[in-house]
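There are two complexes below, and they share chain A, which is joined by chain B in the first and by chain C in the second.
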Partner chain A sequence: MEILLFEVGGSRYGADAAQVLRVDQLPSGIRSSAGLGPTRAGDRALVFQTSNGATNELQVDLVHGVRTIPVAQLRQLPPGLSPQGFAIGVWLDGNAPVLLVDLPQMVKQIGGQ
Partner chain B sequence: MDSTPLQRAIQSAPDRGVVAKTIPEHEYFCFRLGDLQFGVPSEHVLEVLRAGPLTPLPKTPSFILGVCAHRGDVLPVLDVLRFLGKGEARVGARTRLFLGITGSYVAGMVTDAVIGLRRFPLAQILPVPLGGSNASEYLSGVVNAGTRGEAILLLNLSKMLHATRRRAVNR
Partner chain C sequence: MALESQDEKAPLRARKRGGSLGPIAQALQAALGGDLSARVAQGKLSGEAAEIGALLNQLLERLGRRIAEDERRKQVSTGEIEQAIEGLGALVREGDLSRWSNGTQDSQLGPLLEGFGKVIETLRTFVREINGAALRLSSSANEVLAASTQHEASSTEQAAAIHETTATMEELKHASAQIAENAGSVARVAEETLGAARSGRGAIGEFIQAMQQIRNDGVAVADSITKLSKRVERIGTVVEVIDEIADRSDLLALNAALEGSRAGEAGKGFSIVAAEMRRLAENVLDSTKEIKNLITEIREATAAAAGAAEASKLATQSGEKLGAVAAQAVEGILAGVQETSDAARVINLATQQQRTATEQVVASMGEIEDVTRQTTHASKQATGAATELTQLASRLAELIRRFKAD
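And now, the complex of A and B:
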């Protein structure tokens, strides 16, 4: 699996790289949060397509790039810990779990930018 | 012939053994969190480990601090203080987790310090005061046996873990 790794508010997250159209640079001074908490620097945005074909973007602090992850390193979340439905699992990066999110689902549940 | 000391001792021995009267007691895993001391039934504790990297989960109750990885599994990490409405745990370098289990559900619980296993006679366990906060429904009793005679709050860990799972889903 190819995962795009990014950072929001000091925490790392991952999304299916196939969902991301591009990474834009944002003008400085714009700060917002979209369900993953407030950004710190927030000068990058992941641009992706929602289920109805529209494009949306998620403001992030850092983009770490695309990693190819073995399926054996993926895990489901413990039961009941994804009430909003957009946190779809975890990548075990050594001892540090990285939350995997579904970008269109996140926008659908709690709104985007 | 004079009897030997051993023969005399045997002659004075009772006909049947006297069974020592056992005092019913229960074993608890005790820990400190914030200004409070807690105990949970030891059969509900799997192990104690250092707190590794915690990944926060968005849009979950505040008492769910996040998830951690342990032996290839992903476990929720809970804050007892937040759950009971008695403050907030601070996770730092000295934080330890103990793995609590009820049925097949395992969760990590943060502690500031592990006190260890303690056995308390059942007669020493006091009932939870009536009319207390909502937290009292998750306490099975109180023991005045802390390191300085403080109260140790005995948690009904099974009930608490089921409630955390229910509250996480219903959010």
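And now, the complex of A and C:
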């Protein structure tokens, strides 16, 4: 499975690369990243398509790139550990956990609040 | 006085015994016996015998008077001789010339006493003159002794004063030598100071030139720093461009990787190229980051260098001003040292002359001291001689006082 690895506020995240349409450069000065907390110095934005077909952006600090990860290495989170519902699993990059998020779901959850 | 011899007495004794000329014979017998007062008894005689008796009595009378006269003259002469002997004895014993008398009734003794009188008178004159001379001599000897004593005292004081003066002059000579030596040292030090001041003037001139050179170099360094700063800014601009390009390349590589992932197996090679591009872009970004850091350091360094150059400029300007002030001060010092050196040379020369003069004075004082010592010695000898002369004069006066002239 192709996972796009990125970083927000010092935490590493991963998302299904198929969900990301492209990576854009944001104008400087914007410091927010929806449900993942404030960014530090990033000027990247992940452009993805929501469930209703619209495009949205997630500001991130850093994009590490696309990694091909075997599905067996992906772990699904137990129910209840993701109250907002957009965290769908975890991948261990060595000993460092990488939280896998569903970008359209995250937008949906945030929009539903 | 023997009137007749014993042989002539015999006939008279015979006639007495005859009787007519008896009184005459008796008178003659008495006269022959030494009795000149015997007289012929006239009453028993007559005629020619009476005449002879009268004549005999006249003869005896005259003879008695004559003998008495002779006896009186003898006594007078004896008295006068005794008086003369007494006068000579007094002269010999006591030196008394006043008791001499020329008076005599003896015509034979008169010339002798008169001769003695002349001698005595001559002695009296001598004694008077010698007494007067002895008094004058004693007085003069006392005066000479007093003068000699005073002269001796003066000579002693003079010798002491000259000795003290000589000692003082000796000290002065040493002091003069010390002063001359010190003056020489001062002159040498002044000369060295003059040389040092001249060297200092040269060094300050070189310092001012060095300051000017440093200022010029500082200006050149400031210009270079300005140029360097501008070039660094230019490099920064270029690095910004490179950074932007690398960032865009990174972005493009990311998107290419996304595209590759979406292409599935067909896009794997594309994804690999995209990943390599990303790696290169990240390397470039890391390099530009390092370059930016270096540029920042260079900016800080150039700013510090510019500040240092400005400070150096100000310091060199201050140094030039201080150098000018120092040069002016050294010029003043040089003039003062020059005057000091000239004065020291003059003092040195003067002290050398003083030392020479002092040594000459010391030598002269030594000679004067020798002469004074001789004078003192002579004064002591003169005093001794005057003392002896005084004693001799006193002795002479004492001796001459034994002679009484009046």
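One rule holds in what follows: the second predicted complex is superposed on the first by the 108 of 113 C-alpha atoms of A that agree within 3 Å, B and C clash if a C-alpha of one lies under 4 Å from a C-alpha of the other, contacts with A are read in each partner's own complex, and residues count from 1 in each chain.
The rule is simple: a residue touches a chain if its C-beta (ideal position, glycine included) is under 8 Å from a C-beta of that chain, and two chains touch if they have at least 3 such contacts.
All figures in this text were calculated on a predicted structure; none of them were measured in a lab.
Chemist: Is the arrangement of chain B and chain C around the shared chain A a clash or a fit after superposition?
Modeler: In the superposition, chain B and chain C stay clear of each other.
Chemist: Given the touch rule stated above, what does A:23 touch, chain B (first), chain C (second), both, or neither?
Modeler: second
Chemist: According to the stated criteria, A:2 is in contact with first (chain B), second (chain C), both, or neither; which is it?
Modeler: second
Chemist: Please work out whether A:11 is in contact with chain B alone, chain C alone, both, or neither, and reply first, second, both or neither.
Modeler: Only chain B; A:11 stays clear of chain C.
Chemist: Once the shared chain is lined up, is A:66 touching chain B (first), chain C (second), both, or neither of them?
Modeler: second
Chemist: So, A:80: does it touch chain B (first), chain C (second), both, or neither?
Modeler: Only chain B is touched by A:80; chain C is not.
Chemist: Per the overlay, which chain contacts more chain A residues, chain B or chain C?
Modeler: Of chain B and chain C, more residues of chain A lie in contact with B.
Chemist: In the combined three-chain superposition, what is the angle centred on chain A between chain B and chain C, taking C-alpha centres, to the nearest 10 degrees?
Modeler: Roughly 80 degrees separate the directions to chain B and chain C.
Chemist: For the superposed model, what is the least distance in angstrom between any CA atom of chain B and any CA atom of chain C?
Modeler: It comes out at 24 Å between the closest C-alpha atoms.
Chemist: Overlap of the chain B and chain C footprints on chain A, residue-wise?
Modeler: Residues common to the chain A contacts of chain C and of chain B do not exist here, since the sets are disjoint.
Chemist: Quick check: in the complex, which residue numbers of chain A touch chain B?
Modeler: On the chain A side, the touching residues are 11-12, 35-37, 75-84, 87, 90, 92, 95-99, 110.
Chemist: Using the touch definition up top, name the residues of chain C that touch chain A in the complex.
Modeler: Contact set of chain C toward chain A: 247-248, 251, 254-255, 257-258, 260-262, 271, 275, 278.
Chemist: For chain A, which residues are in contact with chain C within the complex?
Modeler: It is residues 2, 4, 17-18, 20-25, 44, 63, 65-66, 68 of chain A that touch chain C.
Chemist: In the complex formed with chain A, which residues of chain B make contact?
Modeler: For chain B paired with chain A, touching residues are 52-53, 55-60, 64, 67-69, 72-76, 105, 107, 165-166, 168-171.
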